[in-house]
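In what comes next, subunit A is part of two complexes: it sits with subunit B in the first one and with subunit C in the second one.
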Partner chain A sequence: MPMDFSYKETWLHKINPSLKLLVMVLIFIHLLLIHNTNILINYMIGMLVLYLFFTGHPWRRLLVISIPFLFIFLTSSTSMIFFGKGEITWAEWGLVHITEESFFRGLHLGFRGIIFAVLGIVFALTTRPVFLFYSLMQQLKLKPKYAYSFMAAIRLIPLMIEEMQTLHYALKVRGVQGEKGVRGFYNKLKSYSIPLLSQSIRRAYRIAVAMEAKRFSIPGNRTYFYRLGFSKFDVIFLCYLLVIIPLAYITANHFPYFSITDVRFGR
Partner chain B sequence: MTTIASMTNMRLKFPGAESLLFEDFSLSFDKGEKVLILGPSGSGKSTLLHVLTGLIPHAVEVPMKADALTIPESWGVLFQDPDSQFCMPYVDEEIAFVLENLQIPREKMKLYINHYLEQVGLEFADTHTKIQTLSGGMKQRLAIASVLALEPEVLCLDEPTAMLDPEGTKLVWDTIKSVGEEKTVVIVEHKIGQVVDFVDRVILLDENGTIIADGPKQTVFDQHSHVLVEQGIWYPGVWEDYMQENDRQMPSPINTAHVKPAVHLSDFSAFRGKVTALHVEEARAYPGEWVTVLGKNGGGKSTLLLAMMNLIKTRGTYHILGQDYKRIKHMAAYVSFVFQNPEYQFVTNSVYEEIAFSLHLAKWDQEAISQRVNQMMTIYHLEEHKHTHPYQLSMGQKRRLSVAASIVKEQPIILLDEPTFGQDAKNTFAILEQLEQLRAKGTTIIMVTHDLNIVNYFATKVWEIDHGKRVKESSALNYIETLQQAVNS
Partner chain C sequence: MGKGLKLSDILVTIIIALIFGVIYKLWGPLYGVVATLGLHLEQLLYGMWFIAAVVAYLVIRKPGVALLAEVAAAQGEFIFGGEWGVATLIFGLGQGLAAELIFAAFRYKRYDMLIASLAGIAAAFASLGIDFYYGYIGDLALWNMLVLCGTRIAGAVLISGVFSHLLVQSLEKTGVTNLVRPAAKEDYQALG
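Right after this comes the complex of A and B.
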């Protein structure tokens, strides 16, 4: 079954992929150092704007993708809300102990989870793997050996999905019934993974030989079909962040949503 | 004549194998020669191409020694599987990959890409097209284009059309013939109908990797025709020889006046997602009939089989031996299904267990199972491999096992999706004979195929699928006659 995954290209697509990757990693680290929920909420809004308006993907798809975000938010925040430490008790049922501190810390974790997810998805939705690896080779001097291996591997994924569908039918025809419990799960895992793996290993070997037959290992400088450099879009991206992040701090200071400014216990 | 590639006293052994694959093997090729290498599977034909091009031992580490080895200065290899010889997702990127390897300046790449695509007769409105969306024949021609980008003197072809339909096969060979005219071409094949006019020298290997014959094609074919038969090679006229030798009668049309159909489809639709993928106005198959399902690739042949097995969403009338399909709980009790790739169907760890699997599910007692399985193993020549893991069997054995395991309960209807695809002549005839025996006993066979020879010599009926929308029913005899008339006029 062919999958339609078309999208419009936006300025986010045109950012240099290596730069995008590095900036995202820096933002991830920065996020870990923020303990003020007010800042985090503003930060989140800034990132959500990128996700909602600039990925170039249709609304429906964006909505479907955001379902797991909510799940991440709920799971990571509730466990902290219910079981976290705190002194000002709001409610208590047996093991569950909700306090004001744990409530805010839970929210904080949930928001942080959402930002992680949003940024990851924005990166994935706006970066073609081929460009990412070309850029990694050109800007970050990744060895072509690794870059092309990854690109070849990505090509195998849709083939594997198709195979899985066929395998599903074949097992059904043979009358393989889903057993329950751990044993059933183990059997199911075995009956899917062994044929898929054996097929993939064979395929990977053949692709490797085919790549060698196309003189992949000639030593010397490769030329590149795609030249990835920097453009005004990289500047726009950096400027956006340089405006949004300080703005998140300033508005949080002047117009806080909550009076708590540090969610860590004991501070 | 100048020698372009040669090897003297080459010895090669795969790690773990019991004996040498090649021992004191010598061979040489002259510039401009068109050579066909024939041999049974496992005789090391592909390995020979790898040695000839230096892929062994430079890329694939296999212990190999030779007194002298001349590798051509420039060479290219076209492989068998269209899906596992590309490493990039788009057409232009794939050819660019070769150009990058050769350090062609970036500015010239577009020009080269168009040039090579033109040589193989591929036209795209935009060369930035997904390889995934191409047909098998187009993929192989793209592979030829990227091989041409290497500007090879020697072209090595490793069964390039083994996985293509007849139309793709013809196009690919036409392309090879036009681009290979000036080059040295070494071909490994077991379907030789398309290549026999193109080559001038034939090398015949036996299963131990020794040369039985090497010389001009006519001499080799005249003196060794029996070897071709023994090795299951698809030479022109193999069908006629087979029919004559086995004195097979053409199947006669069944008198269906007083028989209930085994399968009756009427106003029957199959869906893929929300799209109607197939609609059958009216089609019947009777006990003892052999129906071949014909039609273009992607036209809905496989969809029909999946629908008849009730694996996808369907609507309309479908009766199996007079029963409504919606009331049948276990389709597998009436209908068995043989998939194109046998490996997907294997669910156990040994040949014996594989055949016994459905019987265990049906709760037969041990005694009866053992008797039935042994019987099946004898019929399908698998006794020696009783305890072998299905994955360790040869191609032909896997195919036979998948058929044996599917039909062990003697269901009245068998659906098969191109069961002879990629098999050599010997295996193909073995499968067809076994199916014919079942048919003679009253089983209904419904088989997707591209091979018109099967229609001609085995089938009784044809269902022709026309772009998924219509199924035309005709007797096999009528179908072949109409086809011949069309060719003659």
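Right after this comes the complex of A and C.
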């Protein structure tokens, strides 16, 4: 769980969480409009710099976390490489038809997947959920009943994991043997999910009643334990992006890696 | 009602969503492994990512729950460091809206397997729509794109339609759903 491992605080941690989230959504939309792999690769390097040097987590952990990136690259690119539309054929075996266009489109998708993964991990590693929800309430006017429900729910997850462990032991000690096949899988799934879900719903309901009694659901003016605002780190973050993104465009125009500038079919 | 969701509805929705958020996160690597087999077999698993909306709605049966659940589950997957990062949030929003629209179209009056499957299919279409821009699926060979759409929709029906309905049926037997559902017409009739 990301809650209890140690790390150094960096400037990425001090950015306003709402701003960080909004910027990430804007970057997502922006990335969907980029069809030039050269720009995308430079973009990716700019984001990888954030991941590698500024999250404040030790190298070893960063390495372990980045293993799935490779998976992301493969899963997002392979089917496009093998089955994408294209005219300049490179190889063909049965259904598989690799063309130059589909290959580069596949690469493009792979890099795109990696950028999203990197940004997501950067966000997850440098943002405390509690601060995110306080900030959403204060800056984006999220209703307190939603924010506090979310924070309470996050606190319940470790309890649920503990409960799952208990359930596992309970089934074991009673000698419940799993059957094989789809039916066995279904039964196993049911024997875990039903008790977990029902217990969690009961617990959530009890907590909600208590929270309502404590007037957590009242909208309007209220005081907050944490006050979040904006700081110079927000400016640094925005400046970083405002330098890196135009730079990605300029270098891609002057020093392209590939000659293809639009990976969509027929463009 | 008129006042929207109560805090207890919200908290129960979010806890259901977060349980599925954890499953969504674990589902990612599984999806990745199956994807290496090729031919879009992994798309059969895709339906799991629509299930939070359907289950939450079937349990709580109130307007807005499906959307909230899907967004919250996506948000959960995002803050646990899911592989798709921000993309998850956008997909979650789209899928949640699609499922919500289906439930709204039946005026939040139907809770059977058919409606669950329809919501799953709608969510699948929403995700395909986003994938059109995000994954260039329109540029796949036609047969391949059809396989992708077909398997994803089939997966949606199987997992978020059939499986989620069976799951909620078993949950009903535990009696926990009576806690959170609004009183039905039969309940008032029983009062005489």
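List of remarks:
Assume the second predicted complex is superposed on the first by the 257 of 267 C-alpha atoms of A that agree within 3 Å, B and C clash if a C-alpha of one lies under 4 Å from a C-alpha of the other, contacts with A are read in each partner's own complex, and residues count from 1 in each chain.
Keep this in mind: a contact is a pair of C-beta atoms (placed from the backbone, for glycine too) under 8 Å apart; a residue touches a chain by one contact, two chains touch by 3 or more.
Computed from a predicted structure; not experimentally measured.
After superposition onto subunit A, the modelled positions of subunit B and subunit C are compatible, with room for both. Looking at the shared chain after the overlay, A:S191 reaches subunit B, while subunit C stays out of its contact range.
Looking at the shared chain after the overlay, A:K214 reaches subunit B, while subunit C stays out of its contact range.
Seen from the Cα centre of subunit A, subunit B and subunit C lie 70° apart once the structures are superposed, a value rounded to the nearest 10. In the superposition on chain A, contact of A:V130 is made with subunit B only, not with subunit C.
In the superposed model, A:F225 makes contact with subunit B only, not with subunit C.
Once the two complexes are overlaid on the shared chain, A:I27 sits against subunit C while remaining clear of subunit B. In the superposed model, A:V173 makes contact with subunit B only, not with subunit C.
In the superposition on chain A, contact of A:L12 is made with neither subunit B nor subunit C.
When both complexes are overlaid on chain A, the residue A:M47 reaches neither subunit B nor subunit C.
Residue contacts after overlaying the shared chain place A:G113 against subunit C, while subunit B stays out of touching range. Touched residues of subunit A were counted for both subunit B and subunit C, and C has more of them. Superposition on the common chain places the nearest Cα atoms of subunit B and subunit C 6 Å from each other. Where the contact sets of subunit A with subunit B and with subunit C meet, they give residues 2, 152, 154, 198, 202-203, 207-209, 211-212, 216-217. Residues of subunit A that touch subunit B in their complex: 1-2, 130, 148, 151-152, 154-155, 158-159, 163, 166-167, 169-177, 191, 195, 198-199, 202-203, 206-218, 220-225, 227. Residue ranges of subunit A in contact with subunit C, taken from their complex: 2, 24-25, 27-28, 32, 65, 68-69, 71-72, 74-76, 78-80, 82-85, 95, 97, 102, 105, 108-109, 112-113, 116-121, 123-125, 127, 129, 132, 145-146, 149-150, 152-154, 156-157, 160, 190, 193-194, 196-198, 200-205, 207-209, 211-212, 216-217, 263-265. On the subunit B side of its complex with subunit A, the touching residues are 50, 53, 55, 58-60, 76-77, 79, 81, 83-90, 92-93, 96-106, 109, 132-133, 146-147, 150, 272-273, 306, 309, 311, 330, 332, 336-337, 339, 341, 343-347, 357-358, 361, 391, 405-406. Subunit C meets subunit A in the complex at residues 6-8, 10-12, 14-19, 22, 28-29, 31-32, 35-36, 38-40, 42, 59, 68, 72, 75, 78-90, 133-136, 138-141, 144, 148, 167, 170-171, 174, 176-177, 179-180.
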